[in-house]
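Next, two complexes with subunit A in common: one pairs it with subunit B, the other with subunit C.
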Partner chain A sequence: MSTDNAPADTLTRKATADRTAARNRARAASGRGPGWRALGYVPMVVLALFFLFPLVFMLVSSLKPDAQILSDIDSPQAFLPVGDISLANYAGVFDRVPVARFLINSVLVTVLIVGLGLVVNSMAGFALSRLEWSGRKLVLTVVIATLIVPFETIAIPLVYWVSKLPTIVFENGLPMYDFGWLNSYHVQIFPFIANAFSIFLFTQYFSTIPPSLDEAARIDGASWFTIYRRIIVPLSGPAFATVAILTFLPAWNQYLWPLMVVQQEELRPVMVGVQYFFQINPAWGEVMAYTSIITLPVLVMFLAFQRAFVSSIASSGVKG
Partner chain B sequence: MTVPTQQIAPHALPDPERPTTSRERRRARSARQGHRAAYGMVAPASFLLLMFLIIPVLLAFGLSFTNARLISPNPPRFVGIDNFVRAFTSDPTFVRSLVNTFIFAAVVVPLQSALALVMAILVNRKVRSVTLFRIIYFVPVVTSIVVVSVLWEFMYQRDGLINAILQAVSGGTVQGADWLNDTRTALGAIIALSIWQAVGFHMIIWLSGLQTIPEELYEAARMDGANAWQQFRDVTWPGLRSTMVFILVTITIQALGLFAQIDVMTQGGPLNSTTTLVYHAVQQGYRRQETGYGSAISLIFFVIVLVIALIQRWLTREKD
Partner chain C sequence: MPVEAPTKGITMRRSSFTGMLAITAASATVLAGCGQAGQSDGGGGGGDGGTTELTMWTHSAGNPAELETYNRIIDDFNGSQDEYEVVMESFPQGAYNDAIVAGAAAGDLPCLLDMDGPIVPNWAWAGYIQPLDIDPAITDSLLPTAVGRYQDEIYSAGYWDAALSVFARQSVLDANGIRIPTVDEPWTLEEFDAALVTLQGAGYATPLDIGAEDTGEWWSYAYSPMLQSAGGDLIDRDSMLTADGALNGPEAVEFFEWFQGLFDRGLTSNAGTVGNEEFNNDEVALSYTGVWNAMDSLDAVGDDLLILPPPDLGEGPKIGGASWQWGIAADCDAADGAREYLEFSFKPEYIAAFADGQVVIPATAEAEELSEMFGEGDPLQPFVELSQRFALQRPPTPAYPIISSVFERAGKDIMNGADVGSTLDQAVQEIDTNIESNDGYGF
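What follows is the complex of A and B.
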């Protein structure tokens, strides 16, 4: 037995020695000991302060009267909710600006862009990845080619174009033809439903699902739409989450487009509502309250789903 | 599958005049139904892309050579290359926007991509609470650029937070500036907040690139006695090649599209020192309603983006 044990014992001892050596090497690589390791946090903490201080300042200032915001600026109190803290600025914003209306408009436009976009783009991705039809290659090429067109390039001609599109208006209860999409909800929604990048992501994702699933369902007599609806969609949760997140942020943050196509106050989204405060002497406490109101919903969603947010951003880097 | 079938193509029932064996019949039916289903499923996305992307791109080309106005009783008239001649010879603001846009991109692209890489390396280490730092660095990305612009406009005031911090950190030796109202500092101030807002996005892209590099390569390098810098130079950097190209191109295109910050903070001033291509296009094409001229400026912007995208293709071409 002892002869059997000896090599085993040596092995164990050797493994321990190896592990110690590895630990020492790791420590050497990461910077020799706990003191050094703490030092490794310094740049991370400095950067964290750099990214957080403006937002903390915004949230804290939104709770203070203007005079106190200005007097606190020269001290660390600028970042602390101390002194005359109240929700007075928020009340003031709701009194002076149709915030609720702006929020409803933004929620409506965002939900419809994201929701309809998921349906329209995933159906297109299904047809492009799993069905054989003439014209498939051409459509795929056009979709990929349009990926590089930044919205800013087409914004001006698009305003001109939508101002000529037919629309239905009601005059004395009768539907009438008219021209011009400006000042409406649909002008804020329709241009952003179909999205080349979303189609591209769905196409990529769907083509990783084994085609044998389709064949089995076909033999059972399922239509292609049923296969899409009952097999592919339930299997593609991550792709839908990614597209939802990637289309949600720009939809909520829209600025350039509604600035140009919506003059009517009751149709404007939250970002354009910021213009209310562009005066000679803005009441900064109220401005900070307003920017906090329109930022917090997104911030809360991000913190709740941060893993999904980060992984969808990471997957957007796969393009190229 | 017990689901109802043939929702898309109810006519695809067995046809007596079709191929005789059941297998052939099924395949033919499948193909026909596949075709019809495919067209049905790509139709909504294709129609929307045609209406709101492809036609506007063609219009950008077409309108650039006309004197079209947003609201005008007269139809657009063909004016040849007048708009382009006007831009380069008799519109100093356009030339200024072109120069500003290039300066902005030339500073933002290297700074932002380098800072993002440093951050990615910092948060790619296996140290405690590293996820928390990733989240913090990412928070500005989910904050709207409009909100960020309003907030920094407040912080950049003469008696604002930035100057207070500079004074405190430097022990009173730095007096700060009137950042946004000084032609020497306005563009730089906008560069700083633009990087602050967007750098977390590219950190995530770098990070996903870093995580594709296999750990064995680092182990092998360490075994060969490579130090941290050598590991970065010989393992990390070569492994990030395609990530780097993607990041450079996305930051460049994003930087060239600079608009919201300008519109919110400076309106191109002081003395045109912050006007940009997209801002100028919106001024001319929308606010002055000169759609033709605005389209011409948009087209110049598009050509620049196209050239950069082609350079990207060339850089990432297959070597073998």
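What follows is the complex of A and C.
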């Protein structure tokens, strides 16, 4: 039957009916009904609970005194808000750590690493995948090769180098130059903007976009930057989303680097704050309260963008 | 078809992309001007009104009681003169040494820095710190373990020390006919072992909490004094060049076989939680723990609490000495000011405030009298005697960090059932190789 002139709602109804019929045929063939389907949810629920347990434990424990956390640990009560429940641990956290300041610092650093990283790395990926220039394969190889170098092995030399870099400081309202990036926001951001994995991912993704688009645009007089901005970027949503996710988490979780390059408390990010609770005897309730607070932004972000996350990771073939 | 999609995308995304560029560029520009406020090479930068700024790093972040006392000292010092201004930055303890190493690599150490006692020789050898050179009357008045030395030179001094002991309930020992030891007559190895067996028979499934669930420096701090009490050691202290014979000699092997047996026989375990909760909840009868847990246990147990000396395993009871101490960075531009501050800070009232706020042993007799916990007749006074009579510093050699980490690994392997002799031989080999490759660390 021709559907060329059929109204849209008729088409939709037909497609739905076809899908239902196909589903019924599949069920009949396999001999499985709604009961089997419900059974299929059991392992999914079990897995979901398995992954939820740490979060539930963290939230519940954040409401209990240390002694109760330790006494409940061997029983299911560890996951239940029972006993001496209060917000005392949260009050303790705010007494011990400047939480708001640490959160603001982490948000600022993370947003800028992700934002600047998307721009810089996508441009690098564009240059490596779309522009013809000698040596680009070698450059890409070198970029990829840097992935095998663990950050910890270059951390100390990097500290030395950033301590010698020039910077602008304001004294009495006047801009002056000085040397040394230590104790600043930018020392927590700039070393992580260029990211070999992001460049590789952008390069790979851009390579899948047909070159005929560039050629058509060049014939119309578009510059390379216009092609990047008006053609490549709009077509690469999944790659941008994937890179954003993959750079967000490490940026939020930064610990070693800020520890080494930031001495002033007011510039520290949230993860360094975790160590504040590990005195001779760890304050477990406060640790749980603090980790609940600093996990919240990550959870909110994931819940808000989970559909985009899943689809982008599925379409780019990258696991986080 | 593929050509249309980007055209739609351009319309939708142009503003967001341009906006993103603008925001990130603007933010980067603003950030370029941020910071550097506290950075000053040499740690002695210029302050306001002609004062010299003395930067000071401490490991006390997250410890309000300790920070309160430091702030009090700094306020008093800054107000007492107008030549120097001390500015403190606090770091979390677990991350402090990494921050120091990074600071040293960048040539950005502060003038004043605190450090754990056993690390002092290493930092002196590495050139991080300079000889302390404060009034000898001050260092002479301190507990010997509160003074850090390397090659007979004083590099650090501390306001307090800590001490380990065995916590017990008098009622439990009495009920089981176990003798209560004293500093003059501590338990012998046989007595201690028999007491544990008796207490296990009395219903304590694991009678001793030895703290084996803890990690890091605790292992050397807690168990190397036991080894020394048994006649072994971490290193040959006469030469500081080899662990052979000290860590793997017959006394050490015998000690570690007994140590392993404690776990094998279920007399202790590594399954508990860090802290003293098991003892406070009467789940264990004895707890090998430190002065810092005493107030909680006093609250939980009351007058029934006994603070006992550790057992004499052959060479007399031993406990680890040296806690956090203060030193001056080697490249401090204002070392005289740093010394002036340190001399100011060793007043008895400050030392007593640290002792009572932190529950640690005051380093001077005057501060002990001012303390509300450690003075004559006060509940924690037994710790002062334990520290004075039994404290032994961990080997004052730059090799200590590697010795400590090798000792911890070997101790855990033995606890988990490894062959004692070969594990200790392997540990000795690792330590000696490290010392050799560092040309003896100056010895």
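Convention: the second predicted complex is superposed on the first by the 228 of 320 C-alpha atoms of A that agree within 3 Å, B and C clash if a C-alpha of one lies under 4 Å from a C-alpha of the other, contacts with A are read in each partner's own complex, and residues count from 1 in each chain.
Definition applied: a contact is a pair of C-beta atoms (placed from the backbone, for glycine too) under 8 Å apart; a residue touches a chain by one contact, two chains touch by 3 or more.
Note that the coordinates shown come from a computational prediction; the quantities given were computed from them, not determined experimentally.
Applying the stated contact rule after C-alpha superposition, one finds that A:160 touches each of subunit B and subunit C.
Contact with subunit B, but none with subunit C, is seen for A:225 once the two complexes are overlaid on the shared chain. Of the two partner chains placed around the shared chain by superposition, neither subunit B nor subunit C is touched by A:300. Touch criterion met: A:131 reaches subunit B, while subunit C stays clear of it. When both complexes are overlaid on chain A, the residue A:91 reaches neither subunit B nor subunit C. Once the two complexes are laid over each other on the shared chain, residue contacts for A:82 go to neither subunit B nor subunit C. Of the two partner chains placed around the shared chain by superposition, neither subunit B nor subunit C is touched by A:38.
With both structures placed on the common chain, the touch criterion links A:259 to subunit B and to subunit C. When the two structures are aligned on the shared chain, A:57 is found in touch with subunit B, with no touch to subunit C.
Ranked by how many residues of subunit A each touches, subunit B and subunit C are led by B. Once both structures are placed on chain A, subunit A residues 70, 73, 155-156, 159-160, 163, 230, 256, 259-260, 277 are touched by subunit B and, in the other complex, by subunit C. Residues 2-3, 5-6, 8-10, 12-14, 17, 20-21, 23-24, 27-28, 31-39, 41, 57, 61-64, 89-95, 98-99, 101-103, 105-108, 110, 273-277, 281, 290, 292-293 of subunit C are the ones that touch subunit A when the two sit in their complex. Against subunit C, in their complex, subunit A makes its touches with residues 66-67, 70-71, 73, 95-97, 112, 115-116, 118-119, 155-156, 159-160, 162-163, 167-170, 175, 178, 180-187, 189, 210, 213, 216, 229-231, 233-235, 256, 259-261, 263-265, 267, 272-273, 275-282. Of all residues in subunit A, only 25, 29-30, 37, 40-41, 43-44, 47-48, 50-52, 54-55, 57-58, 70, 73-74, 78, 120-121, 123-124, 126-128, 131-134, 136, 139, 142-143, 146, 148-150, 152-161, 163, 190-194, 196, 199, 217-226, 228, 230, 249, 252-253, 255-256, 259-260, 271, 274, 277, 284, 287-288, 291, 294-295, 298-299, 302-303, 306, 309-310, 313-317, 319-320 touch subunit B in the complex they form. Listing the residues of subunit B that touch subunit A in their complex gives 1, 3-9, 26, 30-31, 33-35, 37-42, 44-49, 51-57, 59-60, 63, 68, 70-71, 119, 122-123, 125, 127, 130, 133-148, 150-152, 154-155, 159-161, 164, 167-168, 196, 200-201, 204-205, 207-209, 222, 228, 242-243, 245-247, 249, 253, 256-257, 259-260, 263-264, 278, 281-282, 285-286, 291, 294-295, 297-299, 301-302, 305-306, 309, 312, 316.
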